[in-house]
Every structure is written in structure tokens, then in C-alpha cells.
């Protein structure tokens, strides 16, 4: 019963293309998706996720479940980095610990859409407002990470690197990918409420094209992840373990929170995936700007080289069975 | 000749303040330094690749901006070297 | 009655994405669409506009209205640069005056398609042959601009910069964007007349995708426009005023010509928009090659930083109400 | 009867856009599709061809015709380079002869899809498994080419350039474009067998968009081909003749093999086109890596500057009439 | 070392005429000079960004093409500087 | 300063082996050399364009890797030149 959904997950085009990308690196094929093409797909996916999410939120309205779920999502993205920070401090300095912890507190939009695709293929319903949770979980983790640096960093940090609250907010809210996701959400919402014909005209671009673009992007992600993986060796086994166990741990907390919120199985999976996934877009960008002391190879190689592939290939079906096990009689 | 990264804006401000006659920027450079490896995938993840900036100017201008540029580079990493060059 | 259509225009996805791009610059977000991705969308839009226009022209055939409208369009693109030149000469030298004037005589394809989107959302009919007017208005303005330089420039222009008629024609007709628009128009026309199944197969690419690609491109245009705007300060208030008042003035002439041609409200709006819009693709490219004395920051910052956003956001609904006011009993 | 299909072929959008690209170079327009945009379309086309092919193969299953056809395809891609090599040795050294011969033994995916488009516009049926032939014909020709170098090259080749079988296999199978085509084929096959809903969701990307993307890519190919053409002058008339006559010769062999296999007219045309087309992706990439002694301008300018345009514009309809003439009572 | 713009074709013709042993072109450069600012948006609008051309050659070749290159650059803008370099 | 092509991986391995303090890579360069023309279309066909690699390092490091780099370049083509440069 465990293996079947994993295999089914692996046999979906997005995951297959991800594996193709990874295998191409393994076999030293010279397959390459040159910059800035990956950026095109990354921007497109954020725009489309946001736009569709905004429409869904407008459509579904603010039901009873929306507010508690979104609040819980924000809470998780505040708590997870704190836990992660405490764990990481055993081995790393404040800078690296805060940066890595923030990445795991934040989310990965592509992992989220992979989970959505998984749910669709399993014909399990989920709600559009979960994209709101996605959008809301990006920034708080960055804020926590930067606050940790601000208050826990050694006092002799040079003056030029002192962080001000304004720059912390700037980095967490106006970071390119956070901004694009949030603002596309707003555009989707506004379009749905005032200009419904616009939705239809956007549908071929943001809707129909989405799955294929996701596949293409995952092909590149496979290449990138497989190139990143070997560099993890230098990071040591502690970090490698962290990159696998932390998502599982976060998923575990997440599933109990989801149970507490009495989410349906679809929403529950998405909630768990948001907790378990780690950011490789917004957080690294913010950290590289504001915490240059942290090694980018640490926080990006773990999230991109290990956590992301793990979630995409194995994690999602595992989390699904976790949801099915722990949340009883999940209502539709 | 300078090698820099996401601090491009800061560097350019420094250059402008020193009144350099001009500069040229080439983005999308990757590389490895004593502290960091910069790869192509850092371009679509928000990290940003390196930028290669070239400035042709008088020696005195270099002296004027040396400290500021060093500050910028020590913060985020990067290297700056000077070669002699005569106008064609 | 005035505010409502403006708000409706602003709440359409393309305009919203344009604003998002502009706001991202305002707030110093690091959102960026790296080169050459904007070029991809720009080439795509030209190709799709041309192709669809060619099909429409073939379909609608050459009705009574076609010839007078196209002739009037060409006439406008010859007259407007002359008027603009006379105005600009109060403040600028021959080179800059000619370059800026040519830009305002020529057209902006993206402004045109924004007007089309506006008409569609307002359910106002328009004819496909108006794309022909779009295509025909690009080159004459360039020719006038270059002729102005040829004959009005100080006699001591170095020999190497003497312009020959052949190079004037070359720049005005074989300029990348002019060429792509014109030739795609021909491809569309030929396909429609000899290979109708080809139209259907192109439809998902040139048709369905169009609106979304337009949004994506306008996101970038918002960024570019907002980056350009501050540079206008150096250009002085004369040029800033020109960049807003000239389109209004051109729209005013245009609406009377449209009335004279007894165009329906849809075609009339498109005609007015063609008159009011200014080129930031074809004309700047031609001017940079042939009139290096003109400051590119003048002719590109005005068109891109001010006139384009003005037309997209406020201009189109204003022109619509102008059309409704001045053209009586507009027949369908 | 001959001219009509040629004209019909020329009036299809893909060929028209190819011509537009070529003419733009002729007229020195500055139309340009900057790198890496062509790579985007090239990767997309390979992915889509492979994916759709894999689905078709799974659907059609392994009928009686599949195995003989695929075997014959592989055989052709082994024999053609040998013949080509013998001819080319009259004028060129071992290195250049082997590289050029390998290119003509291999295939051009874009020529193949142009032939498919031609068949569709002529409403002639063909089978999906022919994409399998396409995929299988890329590598053998590379292997033959490299083996020719290994055994026929002068004995004094420096040691570092000695080729090992492993590197020959690596270059021929793990070459970026070969790898992407083959693996997308597998993804398509697996999706069709285990996850049919995935097909539907990919359809807008790999299916509907395909024709338009093909047109865009051919626009660039037109530019590239026309830029390459003049460089052929240096290559001499022998090579120019070879670039036209070799495809015709290969088509001639191909049509008799197709007759022997009793292929229907659609499959027969595709088979002939595979024989007649020459590679400008996989083979040049492999050769530049392993046979640096060969002049890349020889093997790439012939295939890209002459053979490709010839096949696209004139070749396909000529081969069609060849098929109709030589294969009697072609059964459907 | 040269900095140029849309006159790339003209410059390359000049180089070829002078029989340089080779050259390298890097496009997509942006920058600021005494006369103009070149930004990334000039790439999709038809203006074109800058190109960075590098030529390694003998001193005498430089002397031969100096005037032609100066002509090209004075027309559209751009800078050219020479550094000494020895082959590795 | 080095000009190379698809042998980028080999060159970087050589650099790493010589323990250079860092290097910078700029891809997508085109050009012409004594043997070959490299054009933009070689980027989407599998041929690959040129890469421009810059290394700032001590003279002795250069001596150490000279032979290896020459080997790499003689195989696939490319040029390497050395200029003097002082850190800013």
C-alpha cells in the first residue's frame, strides 16, 4: 500500500522529467538549459500560481476554514525556523543556522504544485485558498531568520552589517519571488471580482500551459539538483541528515496541526507539504543579500540538492499516507 | 577591472560618486572565489550570478574610490584588479 | 462617467501586471526579467499581431472603408512628425527634434493591442484591417524623421553621416520590428487564402496564448517604464509636458479624422490610439543607427517612461470617451 | 502535378516563416532572435516530439510493421554514412569525410516534423511509431562516423585523441539532443501506459503549442541558414553539390526500402525524409567534441545552410511524388 | 580591448581587413559612457546593448587599424583601450 | 586571460588542480580564431559557443598550469594571454 502511490507519483510526467534531468547529470550528458531560460519558467510558474490562487480565493470566499488555516500556516512558518535554528546551532554558527533554518521554515512553490498534481491524479479534492497559505508562509520565515541574526549574532559584527527592521521587512516582502507571487495573487483576485472575462482569456496561458511548463522546469531542476548533490559531501553528514529528517519532522507536526484544523485530506496534504518543503528561491536570495556570512552552498545545496528531490519523488506520497493514517474519517 | 555580484547597484553608485568617465557591465558571469562558488543555477534561484564591471579611468580616480570599493567587496565578496591600459 | 471606464481599464490583467511591474521598481523589489526574455515576448507579440492581422484582412476583404482608412493612417504618420518637429524645435536641435517627432508619428503595437483588449472587454466591435493601419504607420514616420535630418541638419555634418535615400528606406522598412510585423502579416494573409487549416493549427500559439503573453510582457514594460521615468527629470519639464500633451493633441486630430471617415466606435478608438501612441521599438532602433547625434535617452525615456504608461492606463479610456463624445450616432 | 504540391508546401506557415527569416538576412534587416532563445525552442521541440512519439508508440503497440521498419531505419543510418564517406574521401581527409558523412546518415527532427505537417495538410495518414525510427537513427550514424575516424585516421594521431569505445558510445547516446529525444519518448510511453490523465494535461503544451513553436523556430532557422549559405562558397562546389545530391540519392534508396517494407504513403514519406535529412544538432555536437580536426564550418554549413532549406522547401514535396511514383497502389 | 555597440558589424569588418589573427565578441554588455547610458531594456527595444570585443594581436596591426576603429567609434560612441599581454 | 570553448570543464579542472584562488567564467562569447569561426547559432545547435575565463593569480601558479592549459587548448582551439594586474 505504501509503494503503490510512490510508484504512481514517480510515473507522472513532472517527476519523470525531473528524474531525466537528474540522470542526465549522472551519465554526464551535455544536456543543458542555459540561463536565463530557467528564470523564464520560474517567473511564469510564480505568476500563474499566484494568478490562479487569487481567482480561487475570490471564488471560494472566506469560509470558516480559511482564517484558521492561514493563521496556522503563518504560525508554522514562524515556529519551524526556531526549531530548526536550535537544532542547527549544535553544529553551525549563528549565521549559517539562521539562514538554513529560514529556508526550511519557508516553502517551495514547485513542491506545492507537485502536490497539487499528485492530488489531481489521485482525484482528491483540495481548496484554492491553500495558495493563500503558500503565499503567506514565505515572508515570516525570512523575518524570523533575519531577527535571529540580528539578536543572536556575535556583538562584533561590523557596523555596516547591522540590520534594521526596515531592511528586514524589505527583504522579506519585496524579494522578487515573494513579490511576484503575492502581487499575481492580488491580480487574480481583482480580475475574478471585477473582470471575469479576463480569467477566460488568461486561462490558456496560466492554466492549460501550466502542466507542461512545470515539466520543463522540473527537467532543469533535475539537472540542478543532481549538480548540487555532490557538493553536499563537503557539508558533512549532519547537514545531509538534517535535509531529510527536518522535512519529515515538519511534516509530522504539520499533520497534527492539520488534524486539529480538521482539514480534508487534500488540504491536509497541501498543508503538510508546505511545512515540509524548503525554500530555494526567496530565502536564499534574501540571505545572500543580508547575511553574507552564511555559506550559500549550505542553504542552497541542502534545499535544492536533497530536500526538494526527496519531497518531489518520495515525500509527497509518504505525507499522503501520513495524512490518511493520522487524520481519521477525513471528511470531504 | 572588478568582479562583483549582487552589490552591483552599490558599486555603480560608488563609481558614479567618483565621477568615472564611464563603465561597462557584463552580467551572467559565474566563477569560484576563495569563499564562494557561483553557478548558473544561482541565476534563477534568487541568488544572482556575478557581474563583471570594467572601468577605464585615470589613476587618481582609482585612488579616490579604492576604499569604497574595497568596503563593498569585503561585504559580499568579489575581486578587483587594475591593469594599465592606453587609449587606442 | 469618466472614472468608471478608467477603473475598468485599470482592473484588466494586462494593466494590472503593468502596474505591478512599475510598483516593484518603486518599492525597490529585486524582481527582474533578464534579457533576452523581454525580446522573446516582443518578437512573439509582433509575429502574432501580424499573423492574426493578415488573416483578418484576408477575411474581411477590401471593403469601402479599408482604403480611405489606411490612406488616412499613412497621412497621419506623415503629418504628426512634422507638427511634432515644429514644436520640439523651440527647445531642441534638429537631431533630437526629428528623432522624438518620428517616435510620436509612429505607433506602439502594445498600446494598440491594449486598446483591442479594452474594446473586447467593453464588447465593442472593431475590424481586423485596423492591424493594416498599424503596420502601415510605422515606416512613414521614420522616413519623415530621417528626411528632416537630411534637409534641416546643419550643413557641417561630417560626410560619413550624410544620409542617402536608400539607407533611409532601408532603416524604415527593414528595421527588425517593422519587418517582422509586415512579413507576419503577409504570412497570415497567404495562409488564410491558401491553407486555412494552418490557421487553426496556429490558433493556440498566436491566439489563445496571446493575452497571457501580453500580460507577461507588460509586467516587464512596467519595470522598464518605472526605471526610465526618473531619467526624464534631466530632460526638463518641456519634454515631460510634450510626452503627455502630444498624445492628447494627436488623439484630438485623430478623432476628427475618424469622424470624417465615419468609422464605427471600435475602429475609431483604434485609429485614435494609433495617432496618440509613440514608438519605442522601430523608431529608436532606426534613429540610433542613423542619427547618433540625437540623445537616445530623450526619445526612449519619453515614449517608454511616460507616453506608454499614460496611454495604457489613462489614455485609452479617455480616448474612448472622446470618440463617444465627438462622433455622433456612431453606427455599428 | 509537380509544381502544385511544392507551392502548397511553400505556402504553409512554417515554410513561410523560414523564408521570412532567410529573406531578412538577404535584405540585411536587423531582425535577430538572440541566444539562448533558439535553444529554448530547440529543446521544446525535441521534448514534445519525443513525448508525443512515446504516446503514439504505446498506443499503436508493436504491430507487424514496427520491427521491420525500425530495423530498416537503423540499417539506413549505418549504411548511408559509409557511402557518404567513400564519396567524400575523393576530396576530403578522413576527419572531415567522417564528420560530414555522419551528419548525412543521421536525421533532422525539424525536417521530420515539417514532413508530418505536410502530410497532415495533405490529409495523408502516418503512424506514430515513425518517431521511433527518428529516435533510433540519430546514434548509429554517430557511431559509424567515430568508428571511421578510429580506424581510418592516420596512425600519427596524438595519443590524447585516441578514441575509446566507451567515449564513442557516450557521445552517440548521451549527446544532449539525442538524450532529450530518447528520454522524452520514454516519458511519453510510460505516461501513456500508466497515467493517461497526464497526457491530457500535457496536450496544450506538447500538442497545441507545437505548430506555432515550430514556426517561430523555423523563423530563426531561416536566419541561420541564410547566414551560413555564403560561407559555403569557401567550401567549394564539390561540397555544395554533395549537400543537394546526397539527400536526393538517400531519398532514392529510402523509397525503394520503403517499397520493400510495403509502407503506406505517409510512413513511406517519413522514412524517405529521415534518410534524406541531415543532422545539425546531435552530430555536429558529437564531432566537435571528439574530432576537432574536422572543420565545423564544413559539416554545419552544408547541413544547415543547404540541405535543411532544400529539404524543407523543395525536398519534401519532391520525395512525396517520388513515393507516389515508385510505390504502387500504396495501401492505406 | 574595445567597447562598441550596434556598429559591431562595421568593427568586425575593420578587424578582418586588418587581418587580425582572431577576435572574441561578448554581447549583452550594458554601461555608461560620457555620452550615453546603455541599459538592459535597450536590448528588446531595437536599440541593442553594447558588445565587448577583445582582440589579441601584434602592435603593428593595432597601428594599422587605429584610424578606422576611431572613425567607427566616434560615429556611434564607444571606447577602445590597449593593454599589454603575452601569450601563455 | 583565457579563451576556450567546450573544453571548459577540462580547463576548470586544470585550474582547480593548480589551486588558483578563484576564476570567473563568461559564457556565450563568439568570435573568430585562426582555425574556426564561432557564431551564435552554434549555441542552439549542440556545438556550444566560446567561454571567456579570467583568472587573477600569482605568476608561479601560471607557470605551473601553463603546459596543461596549452594541451587543452591545442586540442580544441582557443587562446590564452597574460596581463599584469595589481589588486585594488
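Letters A, B, C, D, E and F name the chains as they come in the text, with residue numbers starting at 1 for each one.
Keep this in mind: contacts are C-beta pairs under 8 Å (C-beta built on N, C-alpha and C of every residue); 3 or more make two chains touch, one makes a residue touch a chain.
All values reported here derive from a predicted model rather than from experimental measurement.
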item	value
If a chain touches chain D and chain E alike, it appears here	C, F
Reference chain E; chain at largest CA-centroid distance	A
Chain of greatest Cα-centre distance to chain D	B
A-D against A-B, pair bridged by the larger set of C-beta contacts	A-D
Same or different contact residues where chain F meets its copy chain E, judged by the half mark	different
Chain A-chain F separation of Cα centroids, rounded to whole Å	38
Centre-to-centre distance between chain E and chain B (centres being mean Cα positions), rounded to whole Å	21
Chain centre separation in whole Å, for chain E relative to chain C (CA means)	33
In chain C, residues with contacts to at least two other chains	30, 34-36, 39-40, 175-176, 204, 208-209, 285
Numbers and ranges of chain B residues touching at least 2 other chains	26-28, 43, 46, 83-84
Contact footprint of chain F on chain B as seen in their complex	1-3, 26, 28-34, 50, 52, 62, 66, 69-70, 79-84
Touching residues (chain side chain C, partner chain A) in the complex	8, 11-13, 16-17, 20, 23-24, 27-37, 40, 117, 120-121, 204, 208-209, 211-213, 215-216, 219
List of chain C residues in touch with chain E within their complex	34-36, 38-39, 41-42, 160-161, 175-177, 220, 224, 227-228, 231, 280-282, 284-286, 288-289, 292, 295-297, 300, 304
Chain A partner contacts - residues on chain D that touch it in the complex	35-36, 39-40, 43-44, 47, 51, 170, 174-176, 179-180, 183-184, 186-187, 190-191, 194-195, 197-198, 201-202, 204-206, 208-209, 285
Contacting residues of chain F [partner chain D, same complex]	6, 28, 36-37, 39-49, 71, 75-77
